[in-house]
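Structures follow.
Two complexes follow with subunit A in common, the first pairing it with subunit B and the second with subunit C.
== the complex of A and B ==
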């Protein structure tokens, strides 16, 4: 039976809604969403690829932040799942199968691989897990680079454009909107998971697996699910990447990319979804700016290396030193302190 | 005979590096009983609790636990499965979950008796909404019971030790356990906090909850326990009512040394 609201109740609901809409948090969310939607219309042709890369990174980092920030499990090999997603999509699309099937299969393939290798891997903790995930990527790159069916070092060329229900994603802005949609889904899933029963279980096991077990949290299963879920997100980003660039090769997924994802998650602030988005944005833009500056006219030949490694490294060290919790938690603390009334003298 | 028995431990043994922490322990705890486990440091009390809760696996012997009308062996069950069967444990140290509020810490306890998982949460299915509301209400009630309701929305990390211990008890209660294991819940507490804890245990006892309690304070044990099991060097050396235990020769010998007892 549907409940009918009385006019008075309806007024109260509208008043609640209006109050919610006026809250700084909601306004910030709306502003970010509006900007994200408008950017493909505003950005120039040369800036659009950076925007798509940023969005794809944000998808991966949102999952990685859930894995590292909420569940306390480190992965230094998350680009592996990006690779698996990209190759899955590319292999399906280049074998005359529908391209949408490739995009659909990409996250599932990455999640499935994560679930299988996660069984032995997630028995490890801390730096051992970090090294094991790193090793996983090195092995995967080696294997992919040597197989004929993956195209070896050259990879798979000529991946057709993605077509869904007759619509072909042909322009860069269409991929930007596709990546935005995927990011929205990933953020929504992550938000729903972390603020729920399984999310509390994940946060609990990050502190103490023994205490979490004693509270009934199936620690091994939860670690496996969150590892697979975050791998699935990376796989989805990889799938979009394959259709967007039109080719996939092992060289597109170096170990450095995995480190970059971790840096994005840490700089943005682990354990917050906004941190993942802020980290992906800040690092992508920083790298692009440093790259542009290094290759600008009149710069010495050593500039690109100095800027991309030394200056980048120094900036990261400074952020970690002065904002150890990351950009978003630090900004949130600052905001709370600013709003708190000063104590009476 | 198993009628009225909640837990039966048979020939339980566990060694670390060739040294037995628990050896050939046999005990039976009745439904609704409060059983104290006492013994000098290193007697194997916490190891016994960890063997019952499933955090350690036994080298020998077995643990039987009442599910339905009969006792069943639970040796092959993991710790979280045993928690789902109604065994809750409050650890000696404060094992709180960092970065979570007091309320969220207690809500984790409800894991043992709720079901919705990642899919229901991610898709916000009706089951998620139903269970979340019930978990929150139960957690608030558990916090209220241990006197921490006003701390509900504060970070658990800032709680003083006494409140941290109480929070752990609230988390265990939120699981609605059938067997509650309390490992030195009163250690490090101030007099007022000990009294509040004793009253809470008394009220749980009055409700018929089966409990096992590790405690050093004899007066605390005498007040709260129906029966006492005494361990020394991993072996059970005595069992009886608090009055019987107080004058037991082997107990005096274990605590005071052989000559003093003689």
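== the complex of A and C ==
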């Protein structure tokens, strides 16, 4: 996946292509893409919002997984970039500017903020960075909740529907396709970053910054770029969220949302794109099921909250202890071992 | 002047809570290298337990001690999950304590609901320099001072305390002289739980706690602890007190809603300043 193709190799013959298409990996990718595209047609009205939430989380988690898994930087405040994206889109749209401009500005605003605060913050490592990002989000929530121009604790309401070149995104399924398109872009960017020279540099600096720096990896610049990129992804998801729900308020972006993103990334498997997608899917679906269970008849009113917290906690602890690399890498290892009983040396 | 004294004393009282939380973090981090994200949860557990026991009819003093012991037991459980399995890296342990925090939310909501709880502390007030001060403030400061003195004696005068110190300075050498490092880690977690618990029972009468108060408590405790690089108790205590006073001054003279922002900004500034003193080379060489 990472090696460079020589021109001879690049000339893929028809047979090669056919063989590639038949490989389980390609088939799996095609199946997932087809399912993702068909789902908005199949799902019933009440399931669609869950699907949109899932896709938006997947966008954020893909970036977070790249930041945590490849670059080794922990962020416990990623919902702040989601917030920045959502507020940027909402502010632009409610000030009578074209809505597509809002969606376009959302990822750039989040990435810019990340680049600026990243300069001091990324000097910190490990748990210090985790607490610093958490502190940053608490500060942001506090400040946003008190400013006149952000609407205070009530937030911004009446965000118009997104309109691009005359087409108005009015239905839930149109937002599902929008989020799906955004997710595809994010996954492609991540895949290319990871498979490139900077991607290898990132993996090197995650192991040892000193060794990477001595080998010529521009550590500070790479950390800043990957931080901004993952923030930009979160901002993009936030922008879609603002148009989708029609209002933004500080209460929609609690610290717990940041923790949720981390849970999704860790459970799916850090540093893999499939892990991010699987983590977001697994947690969203599980929460949906628990919510149905919790709101069933005869359950106390606090049941949904209790169940979701309990499952978050138990899952996170069990996965970190017993599947420390996450669901997807563990499953992949199991698959490889099953197919090849005697691993080649 | 009276206002200043008022803010100073109330700030010191709240700061004692942060200092206790911070020293719990330091105690655990020194021995196990784990930053315990569930530290704020210990205070919440103890505060809520004490409230329930008091309303069940237990006298003051007994209820608080039982609550602190409960927090200590919680600390032991967290420790077992975080470091009980061999080969759990400190980074993974941080994520585990985050997960336990979630689990604790579920249990706390089941037992106490999601409303803030408080219980009456020491009633009455005294006037000093024209300031009207609740007696509870002085109780908190006095009890915290006693706690710190006991902690100091524990670490310098007892075998267990010295064994903890040995594990902190060199785990390999400690193991070589026959100290069970994992067990010492669990002792540190229990001690950290009790310190968090003391903070909880002392602070709850001043400001009510609910299940999700732990995020602000842990960030303040961490802010206090980071002053000593998470490894030294003295700076952590002083940091906690300074933080409490600073927050109280901001709340009093400026705006109450900005007090947590000031604390957090202070913490960020300290961390970034410290990072500029310690480069990656220092850190990786210390591994």
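Quick note on the criterion: the second predicted complex is superposed on the first by the 320 of 345 C-alpha atoms of A that agree within 3 Å, B and C clash if a C-alpha of one lies under 4 Å from a C-alpha of the other, contacts with A are read in each partner's own complex, and residues count from 1 in each chain.
Criterion: contacts are C-beta pairs under 8 Å (C-beta built on N, C-alpha and C of every residue); 3 or more make two chains touch, one makes a residue touch a chain.
Small disclaimer: the values here were computed from a predicted structure and weren't measured.
Ranked by how many residues of subunit A each touches, subunit B and subunit C are led by C. In the superposed model, A:189 lies in contact with subunit B only, and not with subunit C. Using the contact criterion defined above for the overlaid structures, shared-chain residue A:217 touches subunit B, although it does not reach subunit C.
Of the two partner chains, subunit C is the only one that A:124 touches; subunit B does not reach it.
Using the contact criterion defined above for the overlaid structures, shared-chain residue A:208 touches subunit B and also reaches subunit C. In the superposition on the C-alpha atoms of chain A, the part of subunit A touched by subunit B in one complex and by subunit C in the other spans residues 208, 210, 213, 219.
The residues of subunit C lying in touch with subunit A in their complex are 35, 81, 85, 88, 90-92, 94-96, 98-107, 109-110, 113-114, 215-216, 219, 222-223, 226, 257-258, 260-261, 264-265, 267-268, 271-272, 275-276, 280-281, 283-284.
Interface of subunit A with subunit C (complex): residues 74, 120-121, 123-128, 130-132, 134-136, 138-139, 142-143, 146, 208-210, 213, 219, 255, 259, 262-263, 266, 302, 305-307, 309-310, 312-317, 320-321, 324.
Residue ranges of subunit A in contact with subunit B, taken from their complex: 189, 192-193, 196-201, 203-204, 206-208, 210-219, 225, 229, 271. Subunit B makes touch with subunit A in their complex at residues 53-55, 78-80, 83-84, 88-89, 91, 95-100, 104-105, 107-114, 116-118, 121-124, 128, 131-132, 135, 171, 175.
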